[in-house]
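Chain naming follows the written order as A, B and C, and within any one chain the residues start at number 1.
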Amino acid sequence: MPIIEILFYLFSGVLVLSALSVITVGNPIHAALFLILSFFSAACIWMLLQAEFLAITLVLVYVGAVMVLFLFVVMMLDVHVASVREGFARYLPAGVLVALAMAVQLFLVIWTRGMETMPMPAGEGDEYSHTSMIGELLYSEYLYAFEIAAVVLLVAIIAAIALTHRRRPETKHQDPARQVRVKRDERLRVVKMKSEGEEA
Amino acid sequence: MIDQLLTLIWTMTKIMIIILPVTIAVAYYTYFERKVLGYMHSRRGPNRVGPLGLLQPFADVFKMLFKELIVPTNANKFLFLLAPLLSLAPALAAWAVVPFDDWLVLADVDAGLLLILALTSMGVYGILLGGWASNSKYALIGGLRAAAQTVSYEIAMGFALVGVIVLAGTLNLTAIVEAQSGNIFTWYWLPLLPLFVIYFVSGVAETNRAPFDVAEGESEIVAGFHVEYSGAGFAVFFLAEYANMILISALASLLFMGGWLSPFSGIPVVGDTFLGEGGVHWFLLKTAVFCFLFLWFRATFPRYRYDQIMRLGWKVFIPITIVWIMVAGVFRVMGWFGG
Amino acid sequence: MQAVTRYLRSLMLLELFRGLAVTWRMGLAPKATLNYPDEHTPWSPRFRGLHALRRYPNGEERCIACKLCEAVCPALAITIESHNREDNTRRTTRYDIDLFKCIYCGFCEESCPVDSIVLTDVGEYHMEHKSEKVVDKQQLLAIGDRYEESIAANRARDARYR
């Protein structure tokens, strides 16, 4: 299967390069775009492994929704590259520490499990459907994990709404419904008084 | 190796067989739009180029292609030129899994519906990046509006499709159409009427068409994300928008209106004649009707205010779809419609 | 209760369907637009367009250089110079109209005692150079020769109301 291999090395090459670019390019928009490219290449690799459901879901959720919002936010930031670089020396020790910890963890994982290569998944028959397989596994064997993940996400949603949905007194928010409903008495007070000429 | 090369060439040919008619359909869709809008405004529409103005799309295309492509100062040139292609590619790629008839489909993928959702959700990048790379306030605002709107309505749209998936029990588009077979009342528009309406309205919003066209908003932000585009770049954005509209129409007819199935099948007398047989012509006819709806909406409805668009998407559509997914689940469990 | 019925009615989108019906009706209604270069709206015989100088049927130019039009012209668009011809009649040597100054009021035509200067119903003309805005006597006579038929017909149609 030379074509599959060529495609695999192509996609993984793009994946590694774009992942490196995410942390090396200066412009945050470009970094976000490289992140999208690496997600996409990862999806392509999964597609080669015949995991089309997972691949498409990765594109749908991360490329189609999450990264759009991410870009959305990044675009509105006015990041000054120079001022970001100023703190480089100050944060260097902490950064090196985190990087070392991650490297050790990765090393431990590889050390315990070994570096054996996984075989390509065997081509199943036409009737074989990844989508229904995943569905069956999710709703039988991994039901608890699945439900707990759902609850965690729900909590996050509610927390986010609760944080943003408070009434802030300092905003000059207009309520068009109240403006439409306004009565004359609320705006206008007719005062009876003598005219100036009469007084004299 | 030779085998794989041949497969590649054969697939490329099939892709061209689908892409070319779609492109021509897009060209004539613009003509059709101008005609329909003209008639609904008591005008005549284009009728100068060729008989009945039928050569107008080609005149437009050549005009666009020969115009100068201006890249604004300080624009990000690479992204500026990439953005139109980013918006066009998903719109055309999605046609790979659209079945025109029960045998006429390029890729009969299991997760076809999901693939289409994923691809349509990627179309927003072209708009977002085009808006950002133009280095223009109007374009940026237009791009941000389009992104927020598309992401919001994608959720309602996805939920509307979940109803279809629940009833059909599959993500394969061909199988979804076959699950609807019977007569016109077993098509999913009837059991999923609210989802059908929401799907189509969300489709209008996803493609940034009137009355949801705040991303262009001529009266406020000139032309939105494509203010700075001229010539071929503008033409490609245009092409993508109309290809997306045709795609949404095709999906609406596949998912809710029985695709290539005939509306007369199952009806005693008429159903036994040639009218009762399904075929590509029914699919194209239904798609054309939905395409016409897009234009009819544009001729009729004034533009939504931006906050009202968000309100409609999040506070009206999403709750209704969630309720109706449960209703669809009840249908499924009781075995009332298909399944 | 009322709120509930109003909510349910809003879900039926009645107003939207009414709007769609309006545009549908308008789409089928006959169109008032004319295909302009091919079709024209009817023009009044009183239309005041491009100027012309007329001749008598025997070919003699009508203008007697009385300069009433020059005097009445509110925009000072007309310039006339005259001399006595060999047969001792007064004729113009120069009759220029500046089309950019002219406001097409038609006073020149009203003031002319011999119906020489007239405004034709030609409304579609253009010039490619700024200098062409001034039309001289020969051009005006040529215009008159060219459109004499329609000029006479329009005058005849309007004569009843004068």
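Methods note: contacts are C-beta pairs under 8 Å (C-beta built on N, C-alpha and C of every residue); 3 or more make two chains touch, one makes a residue touch a chain.
Model, not experiment: these values are computed from the prediction.
Student: Sort the chain contact graph into one of these: line, ring, star, complete or other.
Tutor: line
Student: Could you compare the number of C-beta pairs in contact for B-C with that for A-B and name the larger?
Tutor: By number of C-beta pairs in contact, A-B is the larger.
Student: Any idea how many Å lie between the Cα centroids of chain A and chain C?
Tutor: A distance of 68 Å separates the two centres.
Student: For chain B versus chain C, what separation do you get between their C-alpha means, in angstrom?
Tutor: 51
Student: What is the distance, in whole Å, between the centres of chain A and chain B, each centre taken as the mean of its C-alpha atoms?
Tutor: 26
Student: Residue numbers in chain C touching 2 or more other chains?
Tutor: As it turns out, chain C has no residue touching two or more other chains.
Student: Which residues does chain B have that touch at least 2 chains other than itself?
Tutor: In chain B, no residue touches at least two other chains, as defined above.
Student: In chain A, what residues contact two or more other chains?
Tutor: Nothing qualifies.
Student: Over in the complex, which chain B residues touch chain C? Could you list them?
Tutor: Going by the criterion above, the answer is residues 36, 39-44, 47, 197, 296-297, 299-301.
Student: Considering only the defined contacts, which chain A positions touch chain B in the complex?
Tutor: 2-3, 29, 33, 36, 52-53, 56-57, 59-60, 63-65, 68-69, 71-72, 75-76, 129-131
Student: Using the touch definition up top, name the residues of chain B that touch chain A in the complex.
Tutor: Contact set of chain B toward chain A: 1, 4, 79, 109-111, 114-115, 117-118, 121-122, 124-125, 128-129, 132, 140, 143-144, 147-148, 150-151, 154, 171.
Student: Which positions of chain C touch chain B when the two form their complex?
Tutor: Those in contact with chain B are residues 13, 16, 19-20, 22-24, 26-29, 31-33, 35.
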